[in-house]
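The two complexes that follow have chain A in common; it is paired with chain B in the first and with chain C in the second.
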Partner chain A sequence: MDLRQEVYTLNLGPQHPSTHGVFRVLLTLDGETVVDATSVPGYLHRGIEKIVEDRTYAQVIPYTDRLDYLAGMLMNWGYVLAVEKLAGIEVPERAEYIRVIVGELSRIASHQIAVGSMASDLGGLTGFIYNFRDREYILDLLEMLSGSRMTFSFMRIGGVASDITDEFIGKTREFIDYFPKNGIEEYNNFITGNEIFQARSKNIAVVSREKALDMSLSGPVLRASGVAHDLRKVRPYSVYPHFDFDVPVGENGDSFDRYYLHILEMEQSLRIIEQALDNLPDGPIMAKVSRNFKPPVGEAYAEVESSKGILGVYVVSDGTTKPYRVHFRRPSFINLGHFDEMIKGWKIADVIAVLASLDIVLGEVDC
Partner chain B sequence: MVNQNKDLLAKIAARHPQVEIAENGQIHVPVNHLVDFMRDLRDNFGFNYLTNLTATDYKDYMTVVYNPCIAEQAEMLHIIVKIDRDNPQVPSMVPIWGGANWQEREVYDLLGVVFTGHPDLRRILLDSDWEGHPLRKDYEWETYREK
Partner chain C sequence: MYGKGLLKGLKVSLGWFLRKNVTENYPDEMPNLPDAFHGNPIFDYDKCIACNLCVTACPNRVITLETETVAKKKVVTAYNFNMQYCLFCGFCQEACRPGAIRFGKDFELTKYKREDIKIKFVKPEQVEKKKQEVLQAAAEKEAAQKAAEAAEKSEAKATEKPKAKAVKKPAEAGAATPNNNMEES
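Let's turn to the complex of A and B:
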């Protein structure tokens, strides 16, 4: 007897905790198996690229905080780097070191969300709580500098807004001592080594090296497929050549590798922060930039390695105080572009796990 | 940052007399030569990764910008294609780099550039019944902010 049943459509999101914000995907299911999927992003589209055409160059910075609001410092950095490239501004070395320190702290905070939410999406809410406990430490540090927990607006065209204090340096060193033993090791015990977690993530939604490159994936999602493409190494910006660190890569390109790279990258970020604190040079924290700043006519594109992947910023100047055009190449948006293909053939429960392993943030996807 | 590899640019210029390379390394390609040029970059120069694709409205014309690069290396190019604003058409890069898919949909959505040969050219951020393309310079909008 033929027991085949009809396929049906299930709407997931846009309001659902496991879609990490307002993201919607239309699933065509045969039983519990995904036959087809159509992602529908855009629910958080605020038109930032349009809004900033009516702002001065400096006024754009707070909008970048609201792209990937889990790693605001890295978003600031991508934008100021592009403008500095367009205008040919040399940033003082101390400012570059401070950018590296706050940028890597932001990366750890963002990765903690990635690790924690992956655990909770697979049913282990405990892992989530421990990541949030440690993330609070970083948010306190960054609040000490910028007055804000997440929307820092800390970087400036030509430098950073304020110098770091002895208190900040002391507390950051405390964190570097505290985190590997009390944070990362706990995550590994709670999450990485958990048998159910591994069964739900290993060999799931494998992305080959060729496919990852073809689909312009970036960040841990690309490196999990064995591509050692980290801009801090392959096309170094700022003062990254001064530091000794490794770029972890995965072997299988599955959900587990995508998850585990976040853990390994947190360790590398700690190494970078420690070296930056040890070798912090004296000097100014801002280049001379006119209050009435007007870059020369032209266009520039610059990229940084953000926590989610490659953040690229394209800026066009018409010689006035406002940018003529700004475009953000958001890693979450482009990584999500491969999601429909990744989940085909997997169970509906895997959809949630795969989405968590992509580590998207909708502020960035929808811009 | 765009890596200023002079040898590479000279090699590209020698193979493609149609393109114009500016002093700052930005490459201007005529739209009718775009597909051949991009295919050559991928197949013979190793540009296996399209990192960025976007467009700008200059009121009289539009430009589409591409930034291909080589994975695990520093090389990145900045390619500019000038297109007609009243009939903004450019061949889709999806057959060459799959990563162009959503980026071209975004450019179509916000600027109205039509990517011919795209497998699924629909709006992606705005509603399907949205009128106009907001990033065009003549799009009327209110800023909700004191001037």
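Let's turn to the complex of A and C:
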């Protein structure tokens, strides 16, 4: 007897918790296997690039927080770096060190979400909670400095908003002591070493080195495919040349590598923070920037290594107090461009795992 | 051994059963918030100098400031804070030198009615009181100035009677004193 077979389409999202926001994928399925996929982003589009054309240069900063809201500090940094490049502002060294400290803390907080959500998407919600427990330390630290838990608006054109206190330094050192033993080790015992987790993520959706480069992937997704490309090392900005740290790379480019790199990078970030605290110079935290800040006519493009990959910010100035055009090259968006390709041929349950391993934030994807 | 990883994970979980809770019993226990926290906006009417810097600093046009000029002085007649658009970035607080607008620690800002979201900080009686104060201060200043002028005139008349009608200017009189002091020292 011949059974009639046909493919069917399934809408995954936009209101699905495992799509990490309001992301929609149109899946064409043959049973449980993905035959074709079409990503439909845009449900969180707020037109930030257009909004900021009607804001002064300083007023753009709170909007950058709302791109990748899991690593707000790094988003701030990308923008202020571009404006400083445009106007040729020299940032005091102490401010640069503070930026490195808060930026790396933000990176750890963002990676904790990546690790935790990967665990929860594979059915282990407990792993998610462990990550949130430790993330709370970082949010408390950054709240002490900036007054906000996620949308910090902490960086300023020419420096940072406030100086770090002894209390902050003490608590950060406490966190550096606490985290490897109680945080990272627990994640490894709880999530990384779990056989079910490994079975669900190892050798799933392998991205080859060539393909990763072709699709201009960046961040942990690129490094998982064996490309040691980290802007902090290859095109250093700020004071990163002063620090000694490694760029971990994966071997297989599968979901597991993409996941595990986040944990390895947390360790490296801790190393950077420790060195920055040890060598923190004295001095001012703000360069002299006038209230009616008008950069010269021109354009500038600056990049930072955000937690998701390369964040590029392009700013065009027409000599007025407001930017003529601001464009954000969002790493999540570009990494997501390869998603349709990656999930072809895999089961529908793997789709969720692959998406989690890409570590996207919809605020950034849709901008 | 297959399943070793699962047992390890279970050990981690069991270990946490015996430890202290890391959660907070909100709302029975309120969180310990840092001083920098951006909660409810607080406006100090008497500190405001109506410089408009908070209005221009705000990225979302939350604040509207209305003033009235009374006796050559700006009096704030309205300071409205449209909370629904507030990003809690703290730029207004940073721009305000006298510290008139700042953020408190209250984060429970939900309201029952939509119109309550827009905060009107300035009350009419405050404006009236301020206006009266400004007018009174101006009047007092004027009176004091007149009195001073009259005193100076009479003084000048008294001291410079021999020099006929020429009235000495106060600037000259003022300039004379430090010179005298220098000569003495």
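Just so we're on the same page, the second predicted complex is superposed on the first by the 363 of 367 C-alpha atoms of A that agree within 3 Å, B and C clash if a C-alpha of one lies under 4 Å from a C-alpha of the other, contacts with A are read in each partner's own complex, and residues count from 1 in each chain.
Going forward, a residue touches a chain if its C-beta (ideal position, glycine included) is under 8 Å from a C-beta of that chain, and two chains touch if they have at least 3 such contacts.
Keep in mind it's a predicted model, so treat the numbers as computed, not measured.
Novice: Of the two partner chains, chain B (first) and chain C (second), which one does A:L27 touch, if any: first, second, both, or neither?
Specialist: Neither partner.
Novice: Given the touch rule stated above, what does A:V83 touch, chain B (first), chain C (second), both, or neither?
Specialist: So A:V83 meets neither chain B nor chain C here.
Novice: Answer with first, second, both or neither: which of chain B and chain C does A:G298 touch in the superposed model?
Specialist: After superposing on A, A:G298 lies in contact with chain B but is clear of chain C.
Novice: Applying the touch criterion given at the start, work out whether A:R325 contacts chain B, chain C, both or neither, answering first, second, both or neither.
Specialist: First partner only.
Novice: Quick check for you: in the superposed arrangement, does A:I273 touch first (chain B), second (chain C), both or neither?
Specialist: Neither: A:I273 stays clear of chain B and chain C.
Novice: After lining up the shared chain so the two structures overlap, which partner does A:G337 touch, if you call chain B first and chain C second: first, second, both or neither?
Specialist: The first partner, chain B, only.
Novice: In the complex formed with chain A, which residues of chain B make contact?
Specialist: Against chain A, the touching part of chain B is residues 1-3, 24, 26, 48-52, 54, 56-57, 65, 67, 71-74, 76, 78, 97-103, 106, 110, 123-127, 134-135, 139, 141, 143, 145.
Novice: In their complex, what parts of chain A are in touch with chain B?
Specialist: For this pair, the touching residues of chain A are 41-42, 45, 47, 49-51, 54, 85, 211, 213-218, 227-229, 234-235, 237, 298-299, 301-303, 310, 312, 314, 316, 324-325, 327, 329, 333-334, 336-337, 366-367.
Novice: Under the touch definition given earlier, write down the residues of chain A that touch chain C in their complex.
Specialist: Those in contact with chain C are residues 55-56, 58-63, 65, 126, 130, 133, 136, 140, 143-148, 151, 153, 161-162, 186, 189-191, 193-198, 291.
Novice: State the interface residues of chain C toward chain A in the complex, per the touch definition above.
Specialist: Contact set of chain C toward chain A: 2-6, 8-9, 11-13, 22, 33-34, 36-38, 53, 56-60, 87-91, 94, 103.
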